[in-house]
Structures are given as C-alpha cells and as structure tokens.
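In the two complexes that follow, subunit A is the common piece, with subunit B as its partner first and subunit C second.
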Partner chain A sequence: MTTSFAFLADMWTARFAILSGLGVTVLTSLLAIIAGSLVGVFVGLALTFGNRVTRIAARVYTDFVRGTPVLVLILASYYILGTVGLRLNAFQAGILALAVFCSSHIGEIVRGSLQAIPKGQAEAAKAIGLTFAQSFLYVLLPQAARQALPAWVNVAAEIVKASTLLSIIGVAELLLVTQQIIARNFMGLPFYFFAGFLYFLVNFGIERFGKYVERRLAISAR
Partner chain B sequence: MGYILNFAVIWRNFDLLLAGLGLSLLLAVISILIGVGIGLVTAFVLNGKKSLWRGVAVGYVAAIRNTPILILILFAYFALPQLGIRLDKLQSFILTLALYAGAYLAEVFRGALSAVPKGLREAGLAIGLTEWQIKTSIIVPVMLRNALPALSSTFISLFKDTSLAAAIAVPELTFYARKINNESFRVIETWTVTSLIYVATCLILAALLRQLERRLAIPR
Partner chain C sequence: MPQLLAIKGLHKSYGQTEVLKGVTCTLEQSDVVCVIGSSGSGKTTMLRCINMLEDFDDGTIEVDGQTIGYELRDGVRHRRRERDIARHRALTGMVFQQFNLFPHMTALDNITLGLIKAKKLTRPEAVAIAERWLDRVGLLSRKGHFPGQLSGGQQQRVAIARAVAMNPKLMLFDEVTSALDPELVNEVLQVIKDLAAEGMTMLLVTHEMRFAYEVATRVIFMNEGRIAEEGDPRKMFHAPATERLAEFLKNSSFH
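What follows is the complex of A and B.
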C-alpha cells in the first residue's frame, strides 16, 4: 500500500478548498480583531475614565463575556440574534461573537496599560491645556499602545485559534474544510495534522511580527 | 417579533444542566491535576541544560500554544485511533486538556522557578539535602505558592475550555445546552441561562481561589 503518501495526492486535489478555508480563517480573524480592538479601546476607556454608571456597565460587560466560553458566545450569537429578528448568517454571527470576545479582552488590556501610565502625564497634558480627547490621542494612547502591544498580539493569536469554533456553526473556515475533506477520504491523521500545522504557522507568524513591532516601538533610553 | 420568554423547559431540564456543569468541573479538575504534573516536569526541563529533552520541551510548548485546542481535541479523538491509540471520548478529552494545560503551565512554572531565590537552594545544600530533596521539599513548594494566581486563572480558563468537549459529544454543560436548545427551540432562554451558569461558576471559582491564594501566599 502507498497509504503513507496517498494523502499528498489528496492534499493536492483539495488545495483550493484548503486555501479558501485558510482565507476565511484569516478574514474572520482579521475582521474580529479590528472590530474587537476598536470597541475594546472604548471599553477600556470606560473602565478607566468612565463615570460610575459607564464604569459599572463596562465591568459587567467584560466580566460576563470573559466568564463565558467562546463556544457559548458563538452559539448564543448565532441562535439568539436570529430569534430576536436580527438575521445574521453564520459568518456574520461568528465574527460578531469573536469581536465581542476580543473587545472584552482588549478592554482589560487597555485599562491595565492606561493605569500603568504615571499620573503626571495626564496632569501635564491638562496643564498645557489639552482637551481630554487631545490628551488621550497624543499623550496617553501612544504610551498605552507600547505597553499593550505584547498582550494585544497574544489576543490576536487567541482569536485566530478561537476562529476554529466557527466550524461548529457552519462557517467554512480551515477546520470545517478540513473536516469535509476527511469526511470524504477518511484520512484524519494527515489532514488534522496539516490543519494544525497551518494554524501553527499563522500564529507563529503573528508572534514573530509582534516581537518585531515591539522591538521597533521600544523606547531605547528610559 | 412576538417572541415570548418562557423558562419552563429550562427549569424542567435544569438537573441536566447541573449534571453537565458537574462533568465540566470534574474534567477541568482532573485535567489541571495531570497538567500540573506535566507542567512541572516540562518547566524543569526547560530551565535545565541544553539537551535533546529541552528541544522536545520547547517544541511541545510551542506546538500546543500555537494550535487551536479544538484541532487538538479532534486530533486526539479522530486521528489517534489511526495510529492504533484508541481512547474513548472522556479519556481523549482529558488527555488533550491535560497536555494543553501542561504547555501553558510549563511557561508559568518556568517564570516562577526563576523567581525562587538562589539562596534557598544553597541553604538546602548547606544542610546536606540531595538535589532531589531540594527540588521536592524546597523549590517546588515555594514556586507553587508563587505561581498560584497564574495557576488559578489557568484553571478558570480550562473550565471554560471544557465547553469544547461538546464537539466530540461529551455530555458536559454546553452539550446539554445545545440539546435543550435543539429540542425546545427556547433559544434565548437556553443560552442566557447557560452563560449565566458559566459566569456564576467562574465568579465563584475566582472568589474561592482568591481565598486559597491569600491563605497560601508566602508572608512577606
């Protein structure tokens, strides 16, 4: 039997399917990370500078989302939103769930890095007459971003990994495509291994990229 | 829209959800216990001299940390039998979760090991303990107490990761939630209650573990 290399032929046959799955994985992750980061910055702001009401609301939001498994978030987003009349397809519902998950983690990271900035910075910004928006954009954000970068990269890799869960609601991302191929040829071993290897490459790439950006942005003389 | 909330079917099946929760917790506890063992050994190997074993440990941690856990679960359940390793659902899930926890804990423990003061080892040598005795009765206990906060957050995220066992039909909380959802179509009720159960359990676990951390913290 040539079973040991038969999977290479199957892999070649399925190359476009695997590539499109990889594309969907990258696309969903990217959209979720972008949307989640944008919302997360506001969540972090609310957690740090909000008045009592917004702070508590943001706290409940982050704790609720962080206390729920991503799979439950995805299933809830897919099933509940359809029931209340907001018709999203699996792709949209999945991205929404991932973005919500991402935003709660980014929110905590932003809060942590904002609180790590010495108080004097905000006071100095106020003293020279910057508005809150200006002092945030020009003084706090650049410093917080440096602080938050390593954790942010971690969350990005986490989202790529969590995107596999979208296969459960039927988004044809890399894992679901892999499962479809396996359902056809029963070669679970090589194809699961290959999918895992592709995820490894993507996440390893993200990690390397994060390290690179971190080095570029580091303040040399402290 | 005309959707009227009706929690009756949830309450009727609440014992199923609780049974699922129990299995989720059990899976998390067993996995973290095995994971702590794996993590300890791996951390010592990682901190040791350059060797083939250290290469293996680095590869293990990098591979597990960069691969989605769902793939690991499916691999262990569907692909390992093709290598002749037959495990049932629970065994393969616990194996996966333990290996997963082990890789994350290895990093945690490695950091905590480097934070153990050198003087402790020297003091151990001075009173004539062997290397093994120093490790088991001085370094590991001190290190574990330092690593406890990270250990408890790993445990909580592991508890949430048990929801993935639903993918291979292990009857834990998410599995029963999907079952109730599919049978009753009480979509909003099912997922709200399920999320609340998860959140409440996480909050209670966090509070309990914080108590434990406070009690076991090394006094300064």
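What follows is the complex of A and C.
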C-alpha cells in the first residue's frame, strides 16, 4: 500500500517532467517521420525512375544509411557534422539523424510499391497526354501509397522507438526524463513500466491511425 | 486530302532483334484499318510507336501533319522533349488489351482526369463531356462505380470512352477484346463499330477476323516486321496474294 501510494505521489510530483518528455518524444518522432517520408518519396522516385547517376546515388544513400546503426547516425549527426561547420543542437541533430534513417526505409518502400504497379497504368496515363509529373501525382502515387501504408506504419513505429536513443546526446525525451526521475526517487520498476506504457500508447495510436487511413483509402471491390 | 497518319520506313529493334524492318503506311480521314498477323510480327509494336509508348530507331511518323517523337536539329535526329511528346500523344487515343483503367478512380474520374489535367478543362466541362461519352457506351448509370466493380466488357467500354473523350484525331486499339470473356466481346466491338460509322479514323490490331472483314476499310497483314500484304478485306480474305497470308487465314478462326 505504502509503495503504490509513494509511486502515485512521485508521479504527481513528476507530472510536468513526464509530460514534457512525452511531448519531446512525440515532436521529434513526428518531425522526423514527416521530413523522412517527404525525402523518402523522392529517394523512391530516384530509385525507380532515375537515370543512371541519380539511381546509383540513391542506391548508395539507402544502402549506406540502412546499413548503419541508428545510434551511430545520431552520434555522427551530433558530433561529426559540427566538425565540418554544420553545428546543430542536440534536438536538431537528433531529428536530422532520425529523418535520414526514416527516408532510407521509406525510399525502399516507395520503390517497391511503385514497381508493384502494373506497367499499363503509367502507359494509360501517358496515352491520355499526362506529363510524367502528372501521371506520378494522380495515377502512380495514390496507388503506391495504398500499397505502402502498412510498411509505412511499421517505419513510423520504429522511429518512435529509435527516438529513445536521442537520450544519449541529451535530448530530454521520455526515456531520459524517466531516468532522471528514477535517479531522484529510486523507483525504477514502476517508472520504467509507466514509460513503456506511454510508448505503447503512442505506437498503438500510430497503428490505429494507419488502419483508419487504410480503410478510408481502400479501393472498393478491387 | 492530307494524310492523317503517315508512317515512313519505321525501324525498331530490341537489342539484336529487329522487330520492325521498315514499315510504311498511311491512313486518311475516316479510314478504319485493321492490322492482322501472327504474334511477334510487330503489329502491336508499330501501334505503340505511333504514340511513343515505344521509342523507334529510324523512320518518321506523322499524325495530322505533326512529326511524332523525334525532330531533326542540324541534320541530327533528337528525341523531342517529354512535354512535346505528351502533347503529341493527345492527338491519338489508345485502348489497351488489359483496359488499364485507374483502379482508384470511379469510371467518371477515369475519363475526367485527362480532360482536366492535360486539356485544362474546368471540372464541370470535363464532367459534361465524360457523362456524354459514358452515355454513348451505355454506362452512364455506372459512372460512380470503380473499375473493380465492373465487368471486363464494361471496363473496356469505359476505357474507350476515356480515350475518345480526349477528342483525338486517331484512335489506336491494341487487341482490345483479347482479354475478354467470349460473351463480352460483342458489346465492345459494337461500340467500336458505332465509332467507325461516325467517321472516327482508327487503326486496330486485332485477332477478330470477322470484325476486320466486316468493318475495316482496309486490312494490313504484317509478317516478320514488314507489311506483307494490304488492301480490301474482301479481296484479301477470299483471294490472298501471298502464301503467308493464306496460311495465316487458314490457321485463324475466320472461315
């Protein structure tokens, strides 16, 4: 009884810290997912339709980024970019690293989804006189997006989880805040458990959102 | 009278394989020309060169007086800019074997897309045109249906409406009934016959010998990348001039 009461009392004391940690986690993840998805669409475009040069460049980029641990990307973006004159604070560096990581995965997903569309779709779009940009925007992308959505939800959830690594460079996201609270009150188990629960809620929310969009976009009787 | 389509010395290779070995033919206004021949004879490739779905290596194609795909600059042959090629594609309408309707759009939106984006019409104008053509192919009541909710024959009729709605000078049909169940073939052929009767100029690659016989003003028989024989379908089908055509007709369903 006394321990659970003490936990609740400490929770109350730490409520603003936890909320701000959660806010930072959501904000960094959201910005990284948005930026990463936008860049990822272009990476996927380059991988699918690029000429030799852009295709090879995009291929090197995705393979390099996907072959590097996220933690290394984060450390590199915080410590190495500074030495070449691009000085970012921990928050900016963290978002950059996560966005780069996200873009390489989204790029591959977009490539796979675009290649899964029957060739006749692009031909039919050409045949009615659409330019490449128009046929991509109105014919290919909407179909690729449907195909890519489940995989996109996975990547988004991965980004939220990877955002915990930003604690290493001192971004006060949910995990770092939790650790700071535990350092004060030594209640490791309940606070870690609670943090885990909050991460689950965020990712559950993303998953529900994905399912909702999937239903909205479903092509009837396809 | 100026020719609507003029193909001169068309050559096309895939790697080492030469699929078109110098094809020359012309179509005039309101011609309905059926291209027949066994598979691999180059008939579909020729059709696809006309709207640059395939690049070609040599020769010229003119549609309504405009040179398609390539231009000479200082005596050197250059591929035209993508924007010009897109504009030239609008001179022709194409219908495919596999329909290729956009599955994420309703029948109506399939037709309005090109009108709005390529022809820059307003949405109400585009809808009016699309509804008129859907009505013509007998599918106005299905305008809100997605392709997956339509039968193959209905999908192909929407695809024809999509192509004709762009008001092309020339319609290209690429084996448009080959993917259909036999009982759905006639509804599609009927739509094409109606268009022909109204004077639409068209070039059809087809295996429907009966249709070619009844509707074509001229038949082109292709063999190994060349036009082997061409002329009036009655003459050609009853008294083929070449051995190859006689053999082809014997093996195809026309009797």
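Going forward, the second predicted complex is superposed on the first by the 220 of 222 C-alpha atoms of A that agree within 3 Å, B and C clash if a C-alpha of one lies under 4 Å from a C-alpha of the other, contacts with A are read in each partner's own complex, and residues count from 1 in each chain.
Note that in this section a contact is a pair of C-beta atoms (placed from the backbone, for glycine too) under 8 Å apart; a residue touches a chain by one contact, two chains touch by 3 or more.
Small disclaimer: the values here were computed from a predicted structure and weren't measured.
Engineer: Which holds for A:Q115: it touches subunit B only (first), subunit C only (second), both, or neither?
Structural biologist: Neither partner.
Engineer: Kindly classify A:T13 by the partners it touches after superposition: subunit B alone (first), subunit C alone (second), both, or neither?
Structural biologist: In the superposed model, A:T13 contacts neither subunit B nor subunit C.
Engineer: After lining up the shared chain so the two structures overlap, which partner does A:I80 touch, if you call subunit B first and subunit C second: first, second, both or neither?
Structural biologist: In the superposition, A:I80 touches subunit B alone.
Engineer: Does the superposition put A:F200 against subunit B (first), subunit C (second), both, or neither?
Structural biologist: The first partner, subunit B, only.
Engineer: Does subunit B (first) or subunit C (second) touch A:G129, or do both, or does neither?
Structural biologist: second
Engineer: Which partner does A:N89 reach: the first (subunit B), the second (subunit C), both, or neither?
Structural biologist: A:N89 contacts neither subunit B nor subunit C.
Engineer: Scan A:L165 for contacts with subunit B and subunit C and give back first, second, both or neither.
Structural biologist: A:L165 contacts subunit B only, not subunit C.
Engineer: Taking the touch rule as given, give the residues of subunit A at its contact with subunit B in the complex, in rising order.
Structural biologist: Listed in rising order, the residues of subunit A that touch subunit B are 63-64, 66-73, 75-76, 79-80, 82-85, 157, 160-165, 167-168, 175, 179, 182, 188-189, 192-193, 195-196, 199-200, 203-204, 207.
Engineer: Over in the complex, which subunit C residues touch subunit A? Could you list them?
Structural biologist: Residues 51-53, 82-83, 86-87, 89-90, 92-94, 96, 98, 100-104, 113-114, 117-119, 146, 148-149, 159, 162-163, 166 of subunit C touch subunit A in their complex.
Engineer: Please output the residues of subunit A touching subunit C within their complex, sorted ascending.
Structural biologist: Residue list for subunit A touching subunit C: 118, 120-121, 123-132, 134, 138-139, 142-143, 146, 217, 219-222.
Engineer: If we count contacts the way the header does, which residues on subunit B are in touch with subunit A in the complex?
Structural biologist: Residue positions touching the partner: 1, 3, 62-63, 65-72, 74-75, 78-79, 82-83, 160-164, 166-167, 174, 177-178, 181, 187-188, 191-192, 194-195, 198-200, 202-203.
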